[in-house]
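Look for subunit A in each of the two complexes below; its partner is subunit B in the first and subunit C in the second.
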Partner chain A sequence: MKGKVGILLAMVVLFGVIASGCIGSQETSETKTTSVELTGDFVKDVLAIGKALESNGVSEVKFSAWGSGDPNSVMRVYGIVEAARRINKVWEENGVNVRITITDTHYVASFQDAYQEYLSKQPLGQAGDFFVNSYAFLPTLADEGYILDITEYANAYKNVIEDFYPSLIEASKFNGKLYGLPQDTEARPLYIRKDVAAKIGFNLEGIEEKVKNGEFTWSDVYYWAKKAKESGVEWGLIHRKGSAHPDLIQFIFAFGGKLYNEDSGKLVVDVPAVYKWLYVEWKFAQDGLLPKDIMSWDWAKQIHPAIVEGRTLFDIGGTWYWTEWQTKEYYGKEGTPRPLKPEEVQAWFAYTLFPAGEKGLKPVTLSQPFVWMINSKAGQQNPKYDELKDLYHKLAFLMIIKASDPDINAIHSVISAHLPVRKEAAKLISDEKWLNDLKNLNLDLDPQVKDNIKDIVATTVHPINAKFLADVSYMLEYTKLAPAHPKYPALADIFKEAVDKVLRGEMTPEEGVNYIIQKINADPELAQNVEVVGEIPRDWKFP
Partner chain B sequence: MKGEKLRNLSFFLSPMIIMVGLFYLIPLIFTIYISFTKMRNWNIERYLTEIVGFYNYQRLFHMFQHDPLMRTVLLTTIVFVGITLIINVFGGLLLALGTFFINESSASAIRLLWLLPRMSPIAVYSLVWYYFFHGSNIGTLNSILMKFGVISQPVPWGQIVPWGAWSIIIFVNGLVGVSFGMIVFTSALNQIPKELVIAARVDGASAWQISRKILVPMMKWHFLYVLTWQFLSLLTTYPHLFLLVQWDLVSRDYGTTLALYVYNTAFGRGEQDQGLAAAAAVLLSIIGILGGFVTLKVLQFEKMIHEPRGDIE
Partner chain C sequence: MRDVETRPKRGEWIIVLTILFASLPLILGFALLIISSFSKDMVTNLSLSSFRPTIENWINVFQGRLAITGGIRQNILKITLNTLVVALGVSGIVTLISTLAGYSLSRMKFRGRKLMMLLLLMLHAFPGVALIVGVYLLYRLTFPQEPSFVRLYSFFYVVLARAALEIPMSVWLMKGFFDTIPWEFEWSGIIDGASRIKVWRQIMLPLIKPGILAVALFGFLAGWQDLIYVRTFLIDQTLATFIEANIEAEYSHMPLIAAAGTLYLLPTIMFFLTAQQLLLQGYSGGIKG
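Coming up: the complex of A and B.
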């Protein structure tokens, strides 16, 4: 009996030794990869990450995409959906059993609201893995560590990065590091009503060139606006409202001023330029050429109808107005409000750069690029996050690389009248065949994406709109960007208040400038971040 | 015996104590703590332990001294709370008394009507008044007045400072708040023995005399309750104001109270400065505590809570 027990024990011990040896050898022979080096070869990198995830037992990667903006800009989230499909396809074709699922496409109209929601939910880990919003918020998000530094990843994808317009890549940086990829941009043309111009004898032929050369300045805008008013047109000029960021600060650049000192890293209040800006606004409003209460006008019921119904000669708008006028019912001159047809927009509006403030200066335009940003906690809802964080982050980066594919970017540009951010996308826009395919949705796109953009495509994809985008693309050469500084939104708010008070006649332009300085100095933190330079010009005349 | 009493007290009071601690005391302590940190942009991990002493208070007082908007905020708070409080309390009282003397079905209909503003979603309710008071000819008020030839040009009501802006915010919030007093006072009136009113009627007293001599004196404590509650509520309310200012209906300068300033500073700007906002919120709490204390003292609250006579131990 004792012998049998001894043999049994010896067998158990032997089995244990063999089993532990097997387990041990399995561990050494199947070391799981938790990190992959990006090479710049997209397919190779996607496969490497896919295989690494698979070997770690991950078969589904969940991501969410948050975006915001006008109703036509839904590709800001569906671009991510499409990128996921394209990566899934690569994995499927190569036998990698992992799939990306986009769990949430959260899209809201107000980009400020979206930003506030993101700020409050990021620390809780409930914000989107991808966040498309204005570059203006990028410095704060980067500074707080809320978004991923993708500088290292991007170094491997120089071939793609170099295809973006350099100024837009610069706008996606903070303290020299890259925190996102440009998603779109736009220009802010000065629209001129052709019918009103004809009525007052304002010859628009060659106007773009005159503006480009600085021959047609804001004094000329004033002259013709006054003529229009005298001829019975309701207004000479309409401009956007709300925060002075970023539209109206074009005046500062048009008067040769600046908003940021690269050497000190501080914001700048360029007093002469700010004074001239406020003076022009004040003069237009006091002479009845611009509504004194424009800053509290209603977008849908006042601002856009006044423009599309020809109740103004000039309008400072954005490129996206072009398709917005074709999709929203702003035109109510015939009774029931309706959208404009592409032919009407083309027939009624001329467009140029924002003219120089005065002779000898240059015209400008302003861009506010939207940027694909990646949550610094991207992939958090997936298995083994702590262990596989690097894989999830790199996969997220590859997704925004894919979402920046020229065709995805070109679709977004055409249907929302934003400018493409890549040279390859710009080429597609001028390709008639491709436009036709887009019109018929004869493109290799996710059915969900097709379904969500089909109505917008039906109303906006038109050769006239493509030509418009091609026509205004040159404006990017003149573009300025508001400073990427965490304190800039606070300064922009003060500018807005001052413009409102000056327009209403509550303050003279000089008082407006002093008000801005007083407000800055009232907040010690803001005062530390702003330099006030120059003095109010005493001998300056306008017009 | 004492231990048993304490146990009983603890049993019955503990839910209330836990609620007060959880929803009032802890947030208050937390707000005070945050006001001593550099908390911003919701970044708890980074700033919660970064104590900066009285930095936020110093910054706030510097702004009070040098920023004209801050003085306007204080003035707007005083005017808004003062006048809306009078409207809410006396309006509620008048409505309760008015409906007391008419038949019940009409009274219920009127009460329901006045409850509508409180029952409407804030955004919808604010939007109604946005279009009503809009400063252009799309504004309902302007178009009516222009139609009847009272005005020839649209009037920017909310931008006439200070009283245009103040009138709108007081009007909109007054309509919401008046129903609270109405309900409390109506309930109080229903508790008054009907015999007293009937007897006064038999003696030939008018509705005014009955109200002045019988009903109002018997509602003193309800009056005190509504006054204190509404004061604290108005001091901290901001949702309607936020929308009316956000939509540019009323002047930002004269439409911003201290409560709205706290909200905007904490959550409403490009850079959300929760440390500074917490300092302003502490200031707001101090004003609320002092104001509530003064109200209770002036109206002799302690008289209401003295021990009842004749209780058996």
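Coming up: the complex of A and C.
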């Protein structure tokens, strides 16, 4: 009996083994491709992913795109919409039955708010698959694991990556790994009113070169600002307000200071440079060349009208001012406010780098590149996400490669007055024929995208504006980036408070520096992350 | 002391003027906002020199765009509807729970009643911001795995979470209203054979209509104006998050924001205008001798 049971058991086990083998072999024959190697050939890669998705029964891939910034920067999300259309076209032409649908185009004006929203919603899987925001947030998001490391994918696309300006690719890295592709950048020129300059005998011939060589410094800016004031012009200088980041900290770099110690990974308060910055602000304000209360001025009612109406000689602004002045009704000299014409902006404004603080130092500008980032959970609203994650992630990467197409980047640059991030895009904006096609929207673009950008295109696409962008592109060679450090925003806010108090005359520059140090020490976490270096220079003179 | 009806008119004028004067900054603020929404420029000072009439702002708001040129269009009607869903949801839950709880705390004796009332008051002392971490944790724990439910669940959760913040105060408020109703009403009902729940529904509730309205109104306003809970938990936008997301002063065309702000104010103003008579009415019944 026992023997019979033994034989029976042995047969059951044998049957089990054979059956499992059969099931296994059947599975092997049904295994679908769930991973594709990127080759660097875009069409080939897109087709391989499309076919792999199709063989897994996926016919629709859903993605959402989140963007932020000024209203003219809509290509930050429409770039993704357009990339989806271009990939869909490749699939359609090659008989692949898969389509990408962009389910959500979420866009908010405040990029800090967008970042906060992303932070709270990413862990719940509710954040956008694509996220365009300042490079400043990239380290935190990468550190949290909220965005995708695309280093390996990018290795296959070296030909595209190498076309980006290297400093911008560096800004998209964290711990040596690439976490995004640059979307745009900008420079912050010093604008000079040509008509005011002519009135006071300020010869602007060759000013760009003089600034580049460090011959024209902030002492010269002071000298001419004072002349302008004496001749009856309301102000010598108007600058931006709000957080001292990133506009006013240009002074620190212009005075040869630094903000970040790469060796220790800490932020730096470079006392001599900060003191000189505060001194310049104080001197300008005390002599009535710069409004004492500029930090609380209204953008639309005070700051921009003062500049476009020629009530100041100098202005520290951004490249995007150039088209902003053409789209918003800031010029009210004739009674009813109206926007400027491109010809007027060209006739009235000269632009240079932010001059060196003193002789022997270099001019600067400051950029805050925006970066396409991919959610580390990209594609999760799609079927079989766990099995097909690799395909979805690679497809998302190919989407941002496509969204970085030179024409998409160039359209964004022209309509929002940001600088192109690729050399190929820079060439396009100098191409008259292409500009004409853009003006007439005679480009191969998604109808939804065309419809949404037609108003902006009508007001901003002009050879004068394209020439301006081409003219200021060289500034990127002088650009500095604010440190992408989690504690930097807190430090920038302290700088802002000190600038405000110094401008208003509530503090001397020396007291301003001490105030900054005290405020840092009052916050233990900040104090741990900041090094205070150097001392107040006693024998320094300005101007 | 003279009765209201016999008080001299002169004194009344002084009171009216004082109230008007005290609320002038508020009225002025709202007036400037509404005027700006119909102007090409913000009217922020008292002169009307920057008032250039236009209805463009309102057209743009209804088209869901907050920029003069370009910008991404959003479906403002859907956003308004989302706000309404949250506000009505909070209002409904707060009203239901606080009328029930207020009645029990006012009329029934049970163990721990006093402690419960004390704890309710303590709960009210916690601001929503202080609780956000815990509430977020709960959200993560109860989050549905099925993606198609997430959107719906986020509405459900935000309504519950926001209502929970309003309930402690509303319960106290309702208890106060129930306290003003004489016991005799209830007794007569019970003697006639009605159950407690029937007494509550058919006798008590009609008597405290102003209280219910007040609680419903406060609940509605809490949901309508909530920003932090809505931004943290809700996937869709409401008017509050829509305005907040676009208010960055440097980029925004402020008259457009003024139009969105006025739209945001409208239900509140309408609610107060239509309900103020009922709110002031209070209990005015009597007891049969």
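Note that the second predicted complex is superposed on the first by the 517 of 543 C-alpha atoms of A that agree within 3 Å, B and C clash if a C-alpha of one lies under 4 Å from a C-alpha of the other, contacts with A are read in each partner's own complex, and residues count from 1 in each chain.
Heads up, the rule we're going with is that a residue touches a chain if its C-beta (ideal position, glycine included) is under 8 Å from a C-beta of that chain, and two chains touch if they have at least 3 such contacts.
Fair warning: this is a prediction, and the values are worked out from it, not measured in the lab.
Asks: Quick check for you: in the superposed arrangement, does A:I249 touch first (subunit B), second (subunit C), both or neither?
Replies: neither
Asks: After superposition on the shared chain, which partner residues are touched by A:V513: those of subunit B (first), subunit C (second), both, or neither?
Replies: neither
Asks: Would you sort A:I408 into first (subunit B), second (subunit C), both or neither based on which partner it touches?
Replies: In the superposition, A:I408 touches no partner, neither subunit B nor subunit C.
Asks: With the two complexes superposed on chain A, say which partner A:K301 touches: subunit B (first), subunit C (second), both, or neither.
Replies: both
Asks: Touching A:E144 in the superposition: subunit B (first), subunit C (second), both, neither?
Replies: After superposing on A, A:E144 lies in contact with subunit B but is clear of subunit C.
Asks: Looking at A:N72 after the superposition, I want to know if it touches subunit B, subunit C, both of them or none. Which is it: first, second, both, neither?
Replies: second
Asks: Quick one: classify A:S120 as touching subunit B (first), subunit C (second), both or neither.
Replies: Both subunit B and subunit C are touched by A:S120.
Asks: So subunit A touches subunit B in one structure and subunit C in the other; where do those two contact lists coincide?
Replies: Common to the two interfaces on subunit A: residues 116, 120, 123, 298, 301.
Asks: Quick one: which bits of subunit A touch subunit B in the complex? Just the residue numbers, please.
Replies: Touching subunit B: residues 115-116, 119-120, 122-123, 136-137, 140, 144-146, 241, 293, 295-298, 301-302, 486-490, 492-493, 497, 504, 518-519, 521-525 of subunit A.
Asks: For subunit C, which residues are in contact with subunit A within the complex?
Replies: The touching residues are 40-42, 44, 50, 52, 65-73, 136, 139-140, 143, 147, 150, 154, 231-232, 235, 244-254.
Asks: Mind pulling up the subunit B residues that touch subunit A in the complex?
Replies: Touching subunit A from subunit B are residues 41-46, 59, 62-63, 65-70, 134-136, 138, 156, 158-159, 248-249, 252, 267-272.
Asks: Give the list of subunit A residues in touch with subunit C in this complex.
Replies: 67, 69-72, 74, 77, 105, 107-110, 113-114, 116-117, 120-121, 123-126, 242, 298-301, 327-329, 336-337, 380-381, 415, 452-453, 455-456, 458-460
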